[in-house]
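Heads up, the next two complexes both have chain A, just with different partners, chain B and then chain C.
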Partner chain A sequence: MVTDTPLLRVEGLRTALGSDGNNFDVVTGVDLELREGETVALVGESGSGKSVTALSIARLLGPRLRTVAGKVLLNGKDLLSLSEKGMRQLRGRDIAVVFQEPMTSLNPVLRIGTQLAESIRRNPVAASSVRDRAIALLKSVGITNPESRIDMYPHQLSGGMRQRVMVAIAVAARPRVLIADEPTTALDVTTQAQILDLMQARMAEFGAATLLITHDMGVVARYAQKVNVMYSGGIVERSDVHSLFAKPAHPYTRGLLNSMPRLDRPRMGRLSAIEGLPPSVLTRPKGCPFQPRCAFRIDKCSQKPPLESIAAGHEAACWRAREIASLPLDDQADAPAMRSGS
Partner chain B sequence: MHDATQINTYPQKQGFRVRLPRLYGTRMLFSEILSIAFLAVLIVLALLSPWIVPFNPTEADILSNLLSPSLSSEFGGPPHLLGTDVLGRDVFSGIVYGTRVSLIVALAAVLGAGVLGIIIGLIAGYARGWTDEVVMRLVDVQLAFPFILLAIMIMYILGPGLLNIIIVLIVAKWPIYARVARAEAMRHASSDFVLAATSMGAGHGRIIFRHILPNALTPLIVVAAFAVPQMIMYEAALSFLGLGLPPDQISWGSMLAAGRSVLEQAWWVATFPGLAIMGTILSINILGEALRKRVGPSSDID
Partner chain C sequence: MSCFILRRTLSAGVVIFGVVTVIFVLSRLIGDPIALMIQPGMTVADIEELRAIWNLDAPIPEQFIRFLGSALTGDFGLSIWQGQPALGLVLESLPATLLLTSAALLGALLLALVLGSLAAIKRDSMLDRTLMSLTLFGQSVPNFWLALMLVLVVSVHFHLLPPAGYGTGSHLVLPAIALGLFPLARLTRLVRAELLDVLSQDYIRTARSKGIAPWLILVRHCLRNIAISLVTVIAVDFGTLMGGAVVTETIFAWPGMGRLMIDAISHRDFPIMQAGAFVVALVVVLTSLIADITYAIINPRIRYA
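This part shows the complex of A and B:
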């Protein structure tokens, strides 16, 4: 049930670190669109600004970060211009977040039922039915024996269990948009798949949209319909899942895909890695932020390339995007250059 | 292999064969049981004092002044177990009635100062910014002010009385709780579960009192436990200085003051109230330590 009008639309989002006058952009102008029923992935390595983007959208930034420009339109309403009170009313009901750390995201001194009840009560509900709803929710996220687990404290549950509870809390008020900030990074692989499956199932029930933040391309391939690749605070490539994996147009995306082990290709010695480290916000290079690590670098890269369409539904921010998209993956032409220096 | 919970920091006396019960996994000490017993007796005395005392503790009987402690009565009637003071008032009855004053003052002051300080401290630590600045400067001023001076000022304005003593103690002691509560609020305000609660639409009040307060409570309870004997001592000090209760009401501190002038002729007038104060403070401190050992911030070290 994917419709044309986006449910959530982020325009030119810029979030900066530091006090006034001395700003370092952590997020350098991000555009995103989420439609009903859609799962959109935001991928990138640590420090690329994905979590800050997520927190900016939900307006949950800490005291040192500030969104300095842009719009976050939810059903046409700009969240960034809402009052704190207006925002609070939307939270949970219109936009909910699942965080990375299930071990610490639950209050250690409150029973999980109590915490679940808090978000159930975000919508008007009879007091007598809260407990039943909570038990039903726990059951729906695959917690066995919910009648007794509801009275447990977080420390009595495993990490996977806790993340299930977090998902239950997030979906309890039936949000329109769910932001999942690396929801499974702290969990082992089998648990990861279970949690993501049930998160999708719950969201599909009421046609909500999910912004899935991850650094795991496997997760992207399995769960997302659209992908945004983020590097150094900006989106460098945006595409539907199939063309991204088939024809990556940005050297960074290409590097990410090449650095994954593949079962469908013969082994070719060492996995290639992207050399170097992503730039810090303080030392971001002029022009294309990826150029110091890039095997396809040309002189023009000292100017920042815009995010441009290279095919239907496929955009990339690289001067040589079309050319790179036509190269076969795992082409050894670029691999040695990328590995040079090791 | 030994069970970690069996580790006791206090050396066990050799040949001491009585196995005391455990509390929160740590074996109780003999001193702790003794303290509980002492306080239990005090509480019973405080509750039942009108039925226990042989004499009206404020009624002067000049004929039987400065009688030494004795089990037999001179003029018939009940004996003066702990003697009488310079006005012939029964010391035992005074101590029993004084228990009420001490316990009421201590508990009310700890509760009042605790509630006030915790609310202010949590808000300051959560809100940060200028709220925090204002509150913390106020705390600094308050803590820099000598207690007796503050007490003299306030008692002079309000006049003597039980409620006014409690007010003085609350005014003097809320900053301690505020400091601890503020530190705890700061620690938890940036925690993941507070962020998660915020993301689900919890307001400031809910976050502070529902999510942060229960997490901050453990160190605060320990602070409060150690504050109880302090309050008893301050009340005694104020009454000793004549700043506490009006003369027609009896307290341990005022009895101590009354006994000071006759210490050479009649040691019992000052000694027994003094022992009562000492025993109570010691007992509560021992129990406070017992609590700290079991639930306090450093309980994993012990």
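This part shows the complex of A and C:
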């Protein structure tokens, strides 16, 4: 059941580095929407601000980062205006997070079972059944032999196992919104697919919404219904998966898609990754942040393009979005242009 | 495991041998004990006879060998001043010292956990800054001065606690404070630093993301990790405190090893010094062994390694 009012709605989220006067925006004003039962992807290169966005939503930023503007509405209630205590009551049950770093995100001195039980106990549950629930959860995320693994310490598990445990911890309290920050990076493809499948199955069971953060367009195509493409702290394109893959309207999205290895096209020597590096938060150019790397750059790009609708359910932040969306997606056409443009 | 025990036993043996040797040499350097025992009217023969009782007539290397031989059987000779077995006298005074040092260290540790956690949680607040200044003060106040001030203010002026003596809990308070202030200050700083480090770890963020209570995060997720680094420091502190107890015990007339040793030194009573050094070395070695075992128990990463 997909209702019309979004479960989670992020408006104008801005998160900055530094707690004093001279702030640098890491997230420059992000809008997102998640509806019940939906999986929405947030994609972008390393350093584009995906994790900071996720942590801002869950209010789990470290001391150096601070959300300075925006709203995070969960069922219409603004999380950013809640007290720390009020926020704590929502964490785990209403909004849960799978963190990016499986090696450091589990406490090294506590058993897996203990760490899992903390999440299970967020809902009323008989003390005697906590262990059984924990074993069942471990099993549901594909951990073999959960009866003995439950008493192990994190260092006794492989990276893939730990990531499964992280997923189990996040879904244990049946959250309504799950933020999964690259839940499968650094795992082999088979394990990756397995964990994502299991995670999706768990979330589908209780009709929750997932914000899936990744930089893998293959993962997006397989698991998400909607995509937000993030570049240098802002959303540059937003669409349902089909039109994004069929008609990418932002040059950066084209670059991401072209950098995917594809079987249905002739091999091209090398994969065309996007030339150049994304700007750091300190050296972000005026106007469109992508212009130094862009093959379609025009003079107007020194003004920042707004995120505008170019078709039903498809928005892009590029002055030439409509024109670019109508071009065939062909790495031969724009990859050399990209190279010469940089 | 058995290899570990063997290694520890060997190194403990080396440490104790070293300490005992150093004390043997030092106690010969501070002067001739017999010179203090000479009474008017003693003949040279009487004096030589006294020397022979403690083997002092033999060459030093021979004295050392004989000393080691009997020490191995637990015989450290008779106290020159009190005429009783030296080891017995030392062991009699050991419980008082252990009571004082344990009370000081335990009190310091518990208080340091509370104060250090407060300082870390309220980082950069007034409270944090005040506590950190106080710990600097606490680390720079000389032990004996603090002891004297405590006696002066608490006992002499306000008559709240006895100024000296042994036996009841109220006798323990002042010496324990005098001895415990330094480790309290040091451990408070350490707890704060360790907690700040732990609080910035990814797994604390995971714990927070579950929505569990802050005290649970502190007690379950932080303290256990901090304890791993504290254990070793505490073991070292325990040895240092046994040394510091010498001054404190003297000021408060606390009948422990510290006072016994001071008396022994002023009487050049080398059997007591040697037995005392042996016992202190043994206690320190045992403490560090206990610390290593505790470390292995609370740190799962080395238990299975």
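Here is the rule we use: the second predicted complex is superposed on the first by the 337 of 342 C-alpha atoms of A that agree within 3 Å, B and C clash if a C-alpha of one lies under 4 Å from a C-alpha of the other, contacts with A are read in each partner's own complex, and residues count from 1 in each chain.
Throughout what follows, contacts are C-beta pairs under 8 Å (C-beta built on N, C-alpha and C of every residue); 3 or more make two chains touch, one makes a residue touch a chain.
From a predicted model like this one, the values you see are computed outputs, not experimental measurements.
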Looking at the superposed three-chain arrangement on chain A, would you call chain B and chain C a clash or a fit? clash
After superposition on the shared chain, which partner residues are touched by A:244: those of chain B (first), chain C (second), both, or neither? neither
First (chain B), second (chain C), both or neither: which does A:60 touch? both
In the overlaid three-chain picture, which partner chain does A:105 touch, first (chain B) or second (chain C), both, or neither? both
First (chain B), second (chain C), both or neither touched by A:91: both
Under the stated touch criterion, which partner chain does A:155 make contact with: chain B (first), chain C (second), both, or neither? second
Touching A:178 in the superposition: chain B (first), chain C (second), both, neither? neither
A:119 contacts which: chain B (first), chain C (second), both, neither? both
Can you tell which stretch of chain C bumps into chain B once we superpose, 2-10, 20-28 or 38-46? 2-10
Taking the stated contact definition, name every residue in chain A that is touched by chain B in one complex and by chain C in the other, in rising order. 58, 60, 62-63, 88-93, 96-97, 99, 101, 104-110, 115, 118-119, 122, 166, 169-170, 173
Report the residues of chain A in contact with chain B in the complex, numbered from low to high. 58, 60, 62-63, 88-93, 96-97, 99, 101, 104-110, 115, 118-119, 122, 166, 169-170, 173
Chain A touches which residues of chain B in the complex? 128, 190-193, 195-203, 206, 210-211, 214-215
State the interface residues of chain A toward chain C in the complex, per the touch definition above. 58, 60, 62-63, 88-93, 96-97, 99, 101, 104-110, 114-115, 118-119, 122, 153, 155-156, 166, 169-170, 173
In the complex formed with chain A, which residues of chain C make contact? 200-203, 205-214, 216, 220-221, 224-225, 228, 298-301, 304
